[in-house]
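In the two assemblies presented below, subunit A is common to both, partnered first by subunit B and then by subunit C.
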Partner chain A sequence: MSERTDLLLSLADDELILGWRNSEWTGIAPFLEEDVAFSSIAQNEIGHARALYELAAVELGTTADALAFDRGPDEYRSAPLVQLRRLEWARTIARHWLYETADEVRLASLKASDDSELAGLAAKIDREEAYHRMHAEMWIDRLLATDEGRSRLDEAVTELWPYALGVLDDGLRPEFRAHAEERLGRTLPDVEAVPRGVHEAELAELWEEMTSVRRSAPAGSQW
Partner chain B sequence: MIFEVFRQERKGQPFQHAGSVTAPNEEFAEIYAREQYGRRQESVALWLVPRDALHEIDEFPDEFGMKYRRVDGYSIKARLREAREKAGTLELAPGASDE
Partner chain C sequence: MVTADEVWEALAEIPDPEIPVISLVDLGVVKDVSVEDGAVRIDFTPTFMGCPALDAMRVAMESKIAELGGRADIRVRLDDSWSTDDITAEGREKLRTAGLAPPTPRPAARIELVHLQRGFRCPYCGSTSTRLENLFGPTPCRSIRYCDDCRQPFEQFKTI
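Moving on, here comes the complex of A and B:
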C-alpha cells in the first residue's frame, strides 16, 4: 500500500469513527438544539470519511463501503482519541475541540500538498470543518467563562491530551500544542502521545455495532 | 435567549417563519439555526431575530362591525379599468401591453 493510501485511510478512519462516536449523543444530548447540531456534525464527519475512502478505493480497486465496513477492527488506522467512548458532556466537548484543532493543523498541511487531488479534497473538507470549529470554539468560550466550566474543561483536556497528540505526526505536534496552549491560557502536560495503531478495547465494541448490518446481509447485497 | 428563525427557500422569495431556537447567545444561535434549518440545503438565507426584539400587535378592535371596509367580492381590477378609461390612462397602466 502506498504512503498516500495509508494517509487517506488514517484520515478517513478518524472521521468515520469520530462520526460514530459523536452520533452516540443523538437523542440524548443535554438539550434539543445541541442534539440536532451535534448529530449533524457527526453526519458531516461520516460524509468526509466517505469522500476519503472513495479516493483510497480507486487505488486499492475496491469501494468506500468495503473499506469502511469489511475490514477487521485491528485494521483501522484511527487515532485512539476518536475510539474512546465518552458518554460525558465535558469530555465530549474537550475531545471535539481537541480533534478539530488538531485537524485544522493537519488539513492546512494537506492543502499545501503537491498532490492536487488530496489538496483539493482537504480544502473541500476544511470548508465544512470551519463550522465544526466555530461550534467547538463557542463551547470553549462558554466553558472558560465560569470557574466550574474551566475546571471541568481543564480536567477533561488534561486527561485527553496524550490521545490528542496521537492524532498528528511528530512534525505537526508543536504547532498543535502552541495553538491549544494559547487558546486555553495554560500549559499542557509534556507526555508521550498515544499513537495511531493502538486499538482501544472500545473500538472492537464499536466495530461490532457499526458493521453488524453489513455483516448480516448476504454477500453481494446492493445498498 | 429565544431566537425566532425566518428562512428563505429560494432567492427572491419572502422569508417565512420557520420556528425558533433556544441558545445562550447569538453565536450559538447561528450554529443551531444553521444545523436545524439549513443542513439539508432547504434554505438559501436565514434571519435570526431575538424574540425580545419583536414587537407584536395582536388586537384589532372592530366594535361597529365595519364590514364595508373589507374588499371581499369587490372586483378591484374591473373598477380600476373603468377609472383608468375615464381618466384616459389605460395604456399607461402596468400590464397594459399584455392585453
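Moving on, here comes the complex of A and C:
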C-alpha cells in the first residue's frame, strides 16, 4: 500500500469513527441545540470519510463502503482519541475541541501538499470543519467563563491530552500544542502520545454495532 | 443529437431534492457540460459532503440525460471549486421566498463566528435584528437564526 493510501485511510478512519461517536448523542444530548449540532457534525464527518475512502478505493481497487465496513476492527487506522466511547459532556466537549484543533493543523498541512487531488479535497473539507471549530470554540468560551467550567474542562483536557497528541504525526505536534496552550492559557503535560494503531477495547464494540447491518445482509445486497 | 444548451435547460428543471424551490443550476453545482457523440459529460461539485441529496442529484441528472437520448458521464469534482457564492441571484431569491435566508458572501479570509452574528435579514419581515441560535440545523447546509422583530425562527443557508 502506498504512503498516500495509508494516509487517506488514517484520515478517513478518524472521520468515520468520530462521526459515529458524535452520532451517539443523537436523541440524548443535554439539550436540543446540541443534539442537532452533534448529529450534523457527525453527518459531515461521515461525508468526509466517504470522500477520502473513495480516493483510497481507486488505488486499492475497491469501494468506499467496503473500506468503511468490510475490514476487521484491527485494520482501522483511527487515532485512539476518536475510539473512546461516548464520554460525559465535559469530556465530549474536550475531545471535540482537541480533535478539531488538531485537525485544523493537519488540514493546513494537507492543503499545502503538492498532491493537488488531496490538497483540493482538504480545502473542501476545511470549509465545513470551520463550522465545527466555531462550535467547539463557543463551548471553550463558555467553559472558561466560570470556575466550575474551567476546572471540568482542564481535567478533561489533561486526561485526553496524550490521546489528542496521537492524532498528529510528530512534526505537527508542536504547532498543535502551541495553539492549545495559548487558548487555554496554561501549559499542557509533557507526555507520550497514545499513537495511531493502538486499538482501544471500545473500538471493537463500536465496530460490532457499526457493521452489524451490513454483516447481516445476504450476499449480493445492493445499498 | 442533444446539445449542451439543451442539457443546461434540462438540468435547470431538476429541483434540489431537499430544497425543491431551487434547481441544480441555481445551486451552481453544475460546473461544465460538454457533449460528444451522444455522451454528455457533466462536471458536478458536491455542496456539503455529507449531504444525502447528492446521490439523488446524480440519479436525477442521469435520468434527465437519458430522456434527452444521451448517455450521462458524470464527473464529480472533489475540490474547493464550489462555494455558496456560486448560487445564482435567481436562486437566492427563490431561497428567500421559501423562508430560507440566502448565504452571505464568503469572506476573503476564513469564516469566523463574528461574520455570523449580525447583518442577516429575516426572510419573513426583512428586519436585520436577528441572532444566531445554532450554527447547525436540520441539514448540513443550514444554520438556525431567530428574528427579534417578528419573533420567528428561520433557517439560514450556511456560507462556505
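Criterion: the second predicted complex is superposed on the first by the 223 of 223 C-alpha atoms of A that agree within 3 Å, B and C clash if a C-alpha of one lies under 4 Å from a C-alpha of the other, contacts with A are read in each partner's own complex, and residues count from 1 in each chain.
FYI, a contact is a pair of C-beta atoms (placed from the backbone, for glycine too) under 8 Å apart; a residue touches a chain by one contact, two chains touch by 3 or more.
Here the structure is a predicted model, which means the values were calculated and not measured.
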item: Fit-or-clash call for subunit B and subunit C when the two complexes are aligned on subunit A; value: clash
item: Subunit B versus subunit C as contact partner of A:138, first or second or both or neither; value: both
item: Subunit B versus subunit C as contact partner of A:120, first or second or both or neither; value: second
item: Contacts of A:31 with subunit B and subunit C, given as first, second, both or neither; value: first
item: First, second, both or neither for A:14, with subunit B first and subunit C second; value: neither
item: Touched partner set for A:130, first subunit B, second subunit C, both or neither; value: second
item: More subunit A residues in contact - subunit B or subunit C; value: C
item: Partner chain in contact with A:48 - subunit B first, subunit C second, else both or neither; value: second
item: Contact residues of subunit A, present in both the subunit B and the subunit C interface; value: 33, 36-37, 40-41, 43, 131, 134-135, 138
item: Residues of subunit B touching subunit A in the complex; value: 21-24, 27-28, 31-32, 34-36, 39
item: Interface residues, subunit A side, partner subunit B - complex; value: 31-34, 36-37, 40-41, 43, 131, 134-135, 138, 141-142
item: Interface residues, subunit C side, partner subunit A - complex; value: 48-51, 78-83, 110-113, 116, 133-140, 144, 158, 160
item: Of subunit A, residues touching subunit C in the complex; value: 33, 36-37, 39-41, 43-48, 50-51, 54-55, 117, 120-121, 123-125, 127-128, 130-131, 134-135, 137-138
